[in-house]
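Next come two complexes, and both contain chain A; in the first it sits with chain B, in the second with chain C.
And now, the complex of A and B:
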């Protein structure tokens, strides 16, 4: 992965930590299933925050795949490159 | 020390600076990611809210946190389970009841019957609690909403969400959210509602109102420096005009305005005389403090002249240093005048205590009353006796026993942070309405008028008859009525009316010591001729103490049924 993608992933990790109120420092990587705070309600907040931060709009069909900083970075990359 | 509950603190200055830094984030275009980054590093007043809901409230509550912290409030949400029937789980304690309801999910209520059904549910909730109730129901047709508001359920408020829905149009709903978050409201809708809920609707139900706005001139009401650029050199942009207009609207709604500026008074007068393009006029300001000294003493003088606590004043200035100094020294609420005056105006109207559910007649009387206060003070100083002073002023007191029409004003008096609240019980409209139902004479309102002005309802006595004892739960007098040598006369008559035709043998006053109610405590000690213990919660005496008082014949008294 390029340093730009790593930087984006780091930003996403920080944003997720803030929305999910994870104690600092946030883990280097994590997935939705392993974070109890990341329930369905918080998932919607995460999506809303990502959309606001990066000026994108996810399709409902993408929601289920946005399960980790890496997966989100990949999805965002596709949106931002489009 | 902390920055809550009226105590000045070391971090009040820090709070003012952080507050200024948050303003563009909170009052610009809302952005969930940016708002989530606003995390309070200061102590806030906890307010526990019980949420009765049938769709997801969490996307709103998570955003409320930053707006509430900006107002030094920390909402402790007690969110119930999803319930389309509004059965109200009341197991946990709360201070405010919030109903968060999507009426489209209702299956069993016939068309045109939504208002009736909601009203029945609100009455049911009211029968369990005197907490303020805020009901956010959408969609709610106008006629259905009016049916609820016309019922005049005490301390029950139903904000109209439709203007927000109209403003956001197609951005109001987001069907994508429904499947996983349980609400069809969009992110933007949730953020707009959160801002109004945390800054306006909930605080107005539980927080004392703001009474005045003190505003700087240079860099705040215009760009430029008056002493250097002169009246014709300063510039007024669209944002400044928006701020002027907003201040004018607040003044029209009963909030007093003051100028606090580092300029010479003649220069300020010339500025307003020459700049006819200013929407605000010099006469709109009840107090003008133009001097080269620090702003916190100037603000203290404003508070003194208006007869209010500095904590009931919002101070607007473009200089963060001034905001910090004022916040640390006086406890006033601060708003930063940023580059965009329209954003400053938006921040101003979201200071908790600015928005109120309704305005009282007294709001319109306040300015006139204050403007003649110096004349009254002059008469106090020169009068040979109290009777001569009262006769000269042609003082008239009117007493209203059990009047439902004064419930809102009495609740306002009880909730204010003024100097003459004996027990600081903070009774709300529902508390007072409940006492009226028990016995109309449990609530006495006092109206004051003299030849200089009509002060409106300035006092109230609330309590109950318990066997042979008259229990006085609260005595409140507006600061505007203090210093007129009226307290003894005003309250003796009220207590006798309260007692009715069969006077009790004992009278007990509930008391409490707060940061500013020393004048009320001093009055009671002098009235009963006792030493009032710091920790006393109640003072009981023989009712003869009230019977023995004489009421000045110089005062005209009227008792309304």
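And now, the complex of A and C:
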């Protein structure tokens, strides 16, 4: 992973922890399937919170792949670099 | 039952299931999560199931369609409608992998229950180990009844969690779901080919 995406990953982890109400400290990495409270409603809240925070717009086709802090960081980094 | 209710949302709509949907239903349900009854395994068996469904009162089965794409993307039902007590249950909720129609489908089925049928309460029962759907209902703001509930799943009784949404709480839930449904629609619109301006 590029350093740009790596630096985003911590911020994303904190954002996810806040929206999903994960007990602190959030795990180093986690995936959607292992976090019950990351349901389909929360998933959209996460995506829109990311869009608002970073000023990007994800394509609907990207939604399903945004399943971990690392995956989100990579996608976000690509958007920000575009 | 045969019905003629159509509900249109921001990006998705519900229309009545018909015979032409039999193969679609089989394909979708056979590939669905392990928490959904698999149901009939062939289009012919599904057609037979639909014939019985068409005769069953108080059961409204819908196809979820994407408005712009004009594609079938899922299924959802409101059933066990009890007009006398003003109650019903919703379920048979399944979407194509990758579809973003789940939230708006839920919103539309609630709209149907409260605004079209004027029901007083809608409940949903979810297998106790289907944590993500239980979390979805919690996130919507529904209350768990806490009562021990068993549901039939592929011929066996299994423990379930029951959520209820009384009419008084519907406006709060609607607001929450509608805000997300609008945003999803906006996202689809923004990336729709005709929305892109040619240089």
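Operating definition for what follows: the second predicted complex is superposed on the first by the 78 of 82 C-alpha atoms of A that agree within 3 Å, B and C clash if a C-alpha of one lies under 4 Å from a C-alpha of the other, contacts with A are read in each partner's own complex, and residues count from 1 in each chain.
Methods note: a residue touches a chain if its C-beta (ideal position, glycine included) is under 8 Å from a C-beta of that chain, and two chains touch if they have at least 3 such contacts.
Not measured: the values here are computed from a predicted model.
Trainee: Kindly classify A:37 by the partners it touches after superposition: chain B alone (first), chain C alone (second), both, or neither?
Mentor: It touches chain C, and chain B stays clear.
Trainee: Using the touch definition from the top, say if A:15 reaches chain B (first), chain C (second), both or neither.
Mentor: After superposition on chain A, A:15 lies in contact with chain B alone.
Trainee: Could you say whether A:45 touches chain B, chain C, both of them, or neither, answering first, second, both or neither?
Mentor: both
Trainee: Using the superposition on chain A described above, determine whether A:63 touches chain B (first), chain C (second), both, or neither.
Mentor: In the superposition, A:63 touches chain B and chain C alike.
Trainee: With the two structures laid over each other on chain A, which partner does A:53 touch: chain B (first), chain C (second), both, or neither?
Mentor: first
Trainee: Of the residues on chain A, which ones does chain B touch that chain C also touches?
Mentor: The overlap between the chain B and chain C interfaces on chain A comprises residues 40-42, 44-45, 48, 59-60, 63.
Trainee: Using the touch definition from the top, list the residues of chain B that touch chain A in their complex.
Mentor: Against chain A, chain B makes touches at 31-34, 36-37, 56, 58-59, 62, 176-177, 179-182, 187, 190.
Trainee: Which part of chain A faces chain C closely enough to touch in the complex?
Mentor: Where chain A meets chain C, its residues are 36-42, 44-45, 48, 57-61, 63-64.
Trainee: Mind listing the chain A positions that touch chain B in their complex?
Mentor: 15, 18-19, 40-45, 48-53, 59-60, 63
Trainee: What part of chain C is in contact with chain A in the complex they form?
Mentor: Counting only chain C, the residues touching chain A are 97-98, 100, 102-103, 131-136, 138-140, 177, 180, 183-184, 187-188, 190-191.
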